[in-house]
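In order of appearance the chains are A, B, C, D, E, F, G and H, and numbering begins at 1 in each one.
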């Protein structure tokens, strides 16, 4: 996605997310600091202090309270955005599930960072993966521009009456949050109009029509109430497209739930999330220039995972390698497992490569190496670039 | 597994776990009450009050602190057991990961219960699934006897020098925790001897050889430190067998990481966790009596998942249906996704059935229905028994 | 009009918490809830923590609540209320609220959801200064999960996690939650008891009009957890107050005031002995409790005098 | 032997926190740590919360710690220490400990890990009565993550989440954490300041010998977050105490005692003005701070007199 | 397999009864299972419990939907719920009552005036009386096993003789 | 693609320099990227930052391991770390120093006495001087773009003229 | 309790409106005794109304009129707090 | 810092023993100034030792002897607190 040099400004993904928040102009922002999310909330706090945004910031005392306050605020009837990373998301995990179940359309800027232990501040996707069953939507940005664009799109997806789910806009910690790149912003008015007004079915603050929200459910109803969320997620896929189309009208930039890159005739394809996609694209170009038929499937919507589209996009690719920036010790890496569930009953050979945990670098050479190795049958995951990896377990 | 009526006592899974704890005689038990775990800790508290167990119980003020205190205690050099369910596990999720990473061999009795929202006290496995990437071992009991036996085995697995990981002994909330069944207990002395003394490599309380535990790791080391856990999980699989063998010597009961049931010639097999396995066995017997070639693969060790054994056990089964008592809205049910990762490049048709969320009943007829439906190609998960399920999403 | 008639009129046949809920026969909590909500002269929005009250009043698809009511989890009622109250301020600030009458935000949590697992969220909300009335209905244990000890469980009480057994019940003194709230220097803090309903009602009015967070710690009984017949509740709770086990006082803008001076000589055993949870107490232990009460009472008197 | 010589002897060339760590040039925290550990006459086990101190002293595979040291997360230091201390009691009870000398359990947490996200774990540990010394090194903000406001951040201070901007910095009063600890009725609570190291050292001794939990709230500077040159630290912190912005006192078994009576007339501006975080304060705001200090001081004096 | 459903109000000892019958049957060499149903409802609310008895190990863990026997410890429940739900035409309903209640017309009803009997002895063991009666009604397990099981389960908390006497009284009613 | 690595101590403006050069290059029509390295180390510790400049959109997000240019803002670092690591034989090292330091013998070293120059003007903008010098050394972007970018980035906090002067001074050194 | 409905017909997020749902009746919870009022002895102090945990005390405006037996759980609290002894617990007809 | 090792050679759980690891040297963090002591003016009050954040003050027993330049970050605190002015900040040789 070529950014126009003319109107672009050099800013980090974190700054870009803060700009998006300023333009969205949410009512309430409950938030707790954590690296590498802090640039987002600091940037936004400055906008508020300078009178450039009107939100009430709630400087809560923990992330559990951040999400709790966000649920309260969103269900009360106020547009609500929060932001976090890593341990913060882990601490609020309990209430992320509840936010989804109560259908609170909270938007969250997530600066992806490895989970402790050991404590580490750099990027991986284990925090996102921790809440992959929560019912929250997760969109992954490849770069600062996407982090901005997806933030602007997020409220409309979250608040759509068929959806009403939290949306996590995920950007790789440091690699995007702290990397300065050219970003084209919408005009403030255009962004604001695009987002529109906040509407939910039953604002708690409508005291004239009292509602009971968050009741106790026995087995006779719990099952059906949970299934609502599955349906809402399915709806979210088309809503994403709808919103993406509208966004294209005002920005010229079009997003899809997956981004196939040079897949048409590929005999080998990587699948990944986040900023790594950009690096892979460079490698694909390079290898293609040498005549190799390689490609990439970048997953932008990890939740809802566009199962059918992924299937279709990879239909004719015999060798697929899933790059996971997270793992599940004693089990299978999460994206890999999902991909296999998606590609079941196709002929693809799907392999698993774990990389980049805790911010470990993945260089073009590593990627080229995976492309080189992947057309041999292998079922066990490999840790790319592990020191003394000869005995993968 | 036929229990001997002579020495068996009728007790609930919760009571059985409390008896196991009494016999193990741990040093420290930090715990916070939550349904349906409470019978465990209440039973144990009574043992302590009556002088029948010596542990120091730490009545913490939240589950986050329960696991935190457990980590402190286990690393200090004391055998430590805790117990929880549902929201409790969700609230401590952050520190469950850290326990595994710090290699604290904490044993936990988990009474599986649905996660909010809506709030519900009955069984499903969403709590276990929430921490499936944490690096903690998860063993699932089918009934009260197994809940007891696995609790007795757990410390030896957790504390094995090649493992040193937390072990969650999972029993279905209410269905096992509160169901009274015959349970054969070991003699106190035999159980105590079986468990042996607590040893870890670097007890913090050894003040003469000070250690720094829980340091900060940058990308240069984090990756390798994380990979340690993967290796420890791999080791746990053989340690499980070792311990199971030793346990057989004193109990006559032998456990395996998976339990194939009538799989040899099966053309259809279900895969499941926990108490449902028992019900499925009855249905399998019934259908077999009618000449149907059906079978069951019960997964006892969900973490570490015995990938190769599952593959081998299902090698010749053309139709496999995975019963998930949890879901991942917008993604694939967790056990299903893992199974597909396990069965990749086999010819099996693997289907997904979600059931029992929030304690919804799964009756033999439902199971027979799945067996009846499963030999038709179908890729989308089905919610068994959903009211108005005709349009599954 | 008498205060009670005022409460009746406010309720106007539509109790905030209507009958048909699943709380135990004779449970002490509903009276606290109705007295409080009925004492407030604006519309009320209730945020509830997990606990007996919440679980037993909202079995889907029914509800006992006639006022707007929100529950998210056990430990976060104050945080949820912070969000609701901030939303209200934000929307009002933007002129985006339909009606513009003031709303009173009321948080209802048990002692577990206040003293223990909910303390941090509450403390944070106090520091930020949200305008809500946080009510702890203090029945001195985790009742919903079957009577486990909490930070509010008094010394000596038997619970399932502090069993009498060969021991003494709970070995630690209760957390002094009212003092902790006072230490946050919020505008209004009070300790009350359900059966002193006029006192409670007055305190609710003050709390609702405070310019910032207010905290009410309201003692109420739980026949199941305390081990007594429901009909003993009025006399037991009366004894709790008269024996000075549970003094009634308030701290408004830092000023202590005893709002009720016990009227009769009442030994704490009058409170303790009818309850099964204290049945195991020896005379020595009761004497220990008595001494602690005296010491606490003297300190409190000192503060109120000052 | 002078107290300082005693500290030197205890350290015996092996500082508990050795140099080579990655804390900022001139950071105020190490002095607090060393003064405290060196004041304890038994072996010490340290539990640390996430924060500047922890992050900057333990980059794997190095460590600055010569004493046993454990870190698990940000919010749970008191809970982790509860576990460690209980393990010690349990193992001692069973005769399963190698040496049988007493050990002092020391918890080190920043203000964020104490006033805010760590409060609940701390309060619970207080209620249970674990025998440890919990030290809050209070630098009045979340420094590790780049200077965000915490519950300890004083009124008016600019931080990245309470920016001065067109506003005033932090709009709320700081949480009175020392008072909150006192309200838990634990045996020993004290407020101290790094540069009053003799006072601090004495308090550590009392805390370590208390029969139950002890809490020390120790003010120390952060040149980065406060916005001053490191070399100004001694005079700034001195002004904090002399101006009564940060009184030094202790509460032993409920008895208040001022441990240091300010020696000179010192206006709070002497503390505030050299710091960038207060650079935006108007005379009116400073007056407001002054009044608050006076009120707090008078109340404290009252308690100490009583 | 024999499946039994117990009806009572929370607090009336249905859970104990269901477990007692299981314990007694275990003594008699059977495989057993017993469990109550849980909800948010409190003391006084209707409550069910179940017992399963079989000669082969019981492995299933679903709830009981088609009981062979229903035991009603609290007759006032008959106005509120259909205690015979799922019961076969020839299924037995054992009711704590003096005479067959109208609600159960057409069913195979057996009455035991357990509350009265208990009251007469000044005991609270109507539930034990009903367990004794059930053993007699279905012909197993032997009353000695029920009595021993009752003593094992409750004998520590209350006088063993009272417990045994209640069981015996119930058994006598129907044998 | 041109890749630049910046060396300094935390607090000396390497991050600003890396972003400034990127911003200036963006003005000149390039695609750009700039990012520092983060660790637990605090003010005073060695720190690296990176800038990438290309004619085509920059998509890769790995760190820079084989820089084309290394800029050393703090010469004392030369004793501690190998600033030329990964640098090609013909790669340029731009050092804030009076004369080529011994450690860099055999490298293509260019010195700019930025600290002294800054001190002479009583300013703290050694980093801006180095950015100006870099633009001159590699021949892009035009100094006007650097100057404008510097004004855009810093002009709100400090006098714009000082900022522009520093850039210009650096540029002059090497042009 | 209303009919069990399909998941499609459930309110979004499980929100319940008190006006659209029927509360269960808990009169059946009584275990033998129910309150009976002697109106002639009643001084209309309304204490029974206040103490009743189940909102089972009936008023006409602000005047006590009796009990809603479909809700009353029979706890005796009204009888205990009635200052004039106007309320007695009597055996449930059942 | 020690060599980067394979995952097999790392201590279990990342436990670090202070005796087995080498602390980084932070003398390089100084930005121009370092402390210099005039021993003749020193009254051995040891305040510099106490205040030094980097344990860079050298003692022989309990006697002040100077600084460990490999650790000193040059913060000036020792110089500020020295009661006799025995410590001056001087330009780093570099």
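Here is the rule we go by: a contact is a pair of C-beta atoms (placed from the backbone, for glycine too) under 8 Å apart; a residue touches a chain by one contact, two chains touch by 3 or more.
Please read these numbers as outputs of a predicted model, since none were measured by experiment.
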Reaching chain H from chain E through chains that touch each other, fewest steps: 2
Path length in steps (a step moves to a chain that is touched) from chain B to chain E: 1
Pair exhibiting more inter-chain C-beta contacts, A-D or F-H: A-D
Maximum centroid distance from chain E, chain identifier (CA atoms): F
Centre distance in Å when chain A and chain F are each reduced to the mean of their C-alpha atoms: 33
Interchain centroid distance [CA atoms averaged], chain C/chain F, Å: 63
Mean-CA-position distance for chain H and chain B (Å): 51
Rounded Å distance, chain D centre to chain F centre (Cα mean): 40
Residues of chain D touching at least two other chains: 22-23, 25, 27, 54-55, 58-61, 63, 65-66, 71-73, 75, 115-117, 119-120, 123-124, 127-128, 151
Per-residue overlap in chain F, given as positions that touch at least 2 other chains: 39-40, 44-45
In chain B, residues with contacts to at least two other chains: 35, 59, 61-62, 64, 87, 91, 94, 98, 101-102, 116-119, 122, 210-218, 221, 223-225, 227, 231, 361, 386-387
Partner chain H, residues of chain B touching it in the complex: 101-104, 164, 201-202, 209-215, 217, 220-221, 223-225, 227-228, 231
Complex interface listing, chain G residues touching chain E: 26, 28-31, 73, 92, 94
Interface residues, chain G side, partner chain A - complex: 4-7, 10, 12-19
In the complex with chain F, residue positions of chain A that touch it: 1-3, 5, 8, 10, 12, 36, 121-122, 142-143, 172, 174-176, 178-182, 275-279, 281-282, 361-364
Chain A to chain C touching residues, read off their complex: 27-28, 30, 54-56, 58-62, 64-66, 68-78, 80, 94-95, 98, 102, 204-208, 210-218, 221, 225
